[in-house]
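In the two complexes that follow, subunit A is the common piece, with subunit B as its partner first and subunit C second.
Up next is the complex of A and B:
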């Protein structure tokens, strides 16, 4: 064990940690936003829209993230889409996550009892008001556990961005390990980081879940 | 007294695929009166009720509220969403499962339509919502979420949500069927008060006592057909049709011990 490497490579690793967290956060937020749009469009769109979105979902879900990323980063320039590693990585994460998020939202919306929607229609609410005031708030609450779960999966997908040279924590660790042959120390630290990161997210998730379901607990 | 609507139902048919849920139903609902729809389950009474505010689309025939056709501009041509919403604004509906919005308080549930549909400011809406809740005896439960209310209280909030919109017609879809027996009375009492104020009410119910004492007319349905319409005494005590006699016999057998 050689711990002196951390004094030399510590700043690099910390920068990597920070970038990983940023990639995860933005990837999750954008992916969830895109997924939400897809789910709403699927619910209210016509047959063609639904078919197109279903095809998108199946194509993205049916292909490996790494392949999607290579297509975007190396294949993109051939059709005029030239992106730096970081934007490419974020776009990739967003696209990769969106169908899973869309499916989470879709099933959460389906779990909203039709009666709640009908109650809105019966008093003359517009469909848009029903989506905003009833479908989203009720559906999102039941989606939270699945959303937290998938965002945890995404934390670990961020390491793949290292392959297109996004200098996140995997990239920095690899760099340090190759320069100093400290594979055990380096990757062990990396594993610890992810474990702690996921632990924090899942605790925050549980707290969020408790908070937003407080009013749903039946009186005894 | 409230301004009360009348409803004319003429030759209404409704199909679910090959199954005919409503067969040439004719019924006149006079203003300011209580009409109870009774009959065995699956007879089409809830379907008919839901056609009145077009939550269920009927396939042919006409349903007119104060003379205005609901759901269609003309036979076969659907009404715009905007027009339909405008008509629904004056039709209150109460559901079997209450259908309160779980993320809003009792006050929020009642105020929602006033803000979103009537365009009232929040403060004004909440004042009116509080009045409606007081009317159903829930002034002290305004801040509770539905999960913290009993079934009877939830249904009364649902009634307040409907009456806050100042409807001219109220539809009740088995309003007490999901309630524990001891909670039925409080909901029926609120409905009696409404009836006494001259609200036009259409009530799908299995509460024969309510039908007997509160209804002005009772309509009996079976297998999608309207078998008979008469005064409560006429239907419940001297039914001529053998199908009504059979239904009541079963009802009495089940409720005697």
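Up next is the complex of A and C:
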């Protein structure tokens, strides 16, 4: 194994890794926002809205991310949706993540004690105020472990963006591998890299969980 | 403009290719069940070294994107002297990735069983082996059915990644179809429909099995 490839291609790989993190962060934030919107709409929408959203959830969860990306990036231009790789990738991640986030929020909202919501109504809060001041603060806290878990799953989905030529870390590794014929070294390093990355954020995630749900743990 | 006839024409080649999607995910889960059982035994064993080995296996396979693992396996096999077609690399990757998730599913199911079950088996004089075969495993398997079906659905979707190493499954075939007809929208929509059909069938099968095997 020739280590000099890493001195030559290191900056490229680092730039790719930076982009991976950006894609992951934006994809998680946008996906969670869209998921939250869906969950709230499902709760307050009429039957048609609920049915439409449920169909959307089933459609997205039933198809592979790669096929969704191909549809968006290669199929999109045929209906006038012409996107560069990066925006297409971010939109794809957002759409792919949204149903999973929506389900997380939906079950978190269901876990909010009914008494709290009734108490809100009883003191004359509007429905919007109940969402903002009861459902979200109480529900979000119980959703944190599931949210952390899914955002970790999303880190691994970002490498698929390389297939539609988003220059993230996988794309850069492929570039290095084809230029220097170091396929095994390149991909193996990438594997170790991701392993470490995922371990670090899952540790951080657990710490965040403990910090946020601290008040829920009974003191003995 | 959306062309309905191109969309419908795409289904035949894609359905043929679906055999490979089913082969990769089906063989993947079958081998994954075997390796997963082995890893689960290691994870529950009394030996510390075995538990660490299982933990490293699970953490690596769950921490690294499947696309990366696929390429590692694809380029590793020839280096260690095993020259096999891409489909073998695809099945191997799918199986070892599945084994990590399946071992966790089974570990969860076994530890979720009330301790009283195993204790009762010993109390009425069953040998440990019998208590495993007749009391613990049947209940653990029944408990884990919904999650195993869920894992299979995830694998069907993950098998789209093996298109990258050239296995002619649904995604690869839809790429070819898009290349021939210059109509990516119809080709990929047809692929999405096929995946959806497979997964809806699997979900229905899961609900039926769950109902039949209810503990």
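Definition applied: the second predicted complex is superposed on the first by the 219 of 220 C-alpha atoms of A that agree within 3 Å, B and C clash if a C-alpha of one lies under 4 Å from a C-alpha of the other, contacts with A are read in each partner's own complex, and residues count from 1 in each chain.
The rule is simple: contacts are C-beta pairs under 8 Å (C-beta built on N, C-alpha and C of every residue); 3 or more make two chains touch, one makes a residue touch a chain.
The model shown is predicted, which means the values in this text are computed figures rather than measured ones.
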{"item": "Superposed partners subunit B and subunit C on subunit A - clash or fit", "value": "fit"}
{"item": "Subunit B versus subunit C as contact partner of A:126, first or second or both or neither", "value": "first"}
{"item": "Subunit B versus subunit C as contact partner of A:118, first or second or both or neither", "value": "first"}
{"item": "Touched partner set for A:187, first subunit B, second subunit C, both or neither", "value": "second"}
{"item": "Touching partner for A:157 - first (subunit B), second (subunit C), both, neither", "value": "second"}
{"item": "First, second, both or neither for A:137, with subunit B first and subunit C second", "value": "first"}
{"item": "Contacts of A:86 with subunit B and subunit C, given as first, second, both or neither", "value": "neither"}
{"item": "Subunit C versus subunit B, contacts on subunit A by residue", "value": "C"}
{"item": "Partner chain in contact with A:62 - subunit B first, subunit C second, else both or neither", "value": "second"}
{"item": "Which of subunit B and subunit C A:32 touches, first, second, both or neither", "value": "neither"}
{"item": "Lowest C-alpha to C-alpha distance for subunit C against subunit B (Å)", "value": "28"}
{"item": "Of subunit A, residues touching subunit C in the complex", "value": "58-59, 62-68, 70-71, 74-76, 78-79, 155-160, 162-163, 170, 183-184, 187-188, 190-191, 194-195, 197-199"}
{"item": "In the complex, subunit A residues that touch subunit B", "value": "113, 115-116, 118-119, 121-127, 129, 133-134, 137-138, 141, 215-219"}
{"item": "Residues of subunit C defined as touching subunit A within the complex", "value": "1-2, 59-60, 62-69, 71-72, 75-76, 79, 153, 156-161, 163-164, 170-171, 174-175, 178, 183-186, 188-189, 191-192, 195-196, 199-200"}
{"item": "Parts of subunit B lying in touch with subunit A, wherever the complex brings them together", "value": "53, 55, 81, 85-86, 88-89, 91-93, 95, 97, 99-103, 112-113, 116-117, 145, 147-148, 158, 161-162, 165"}
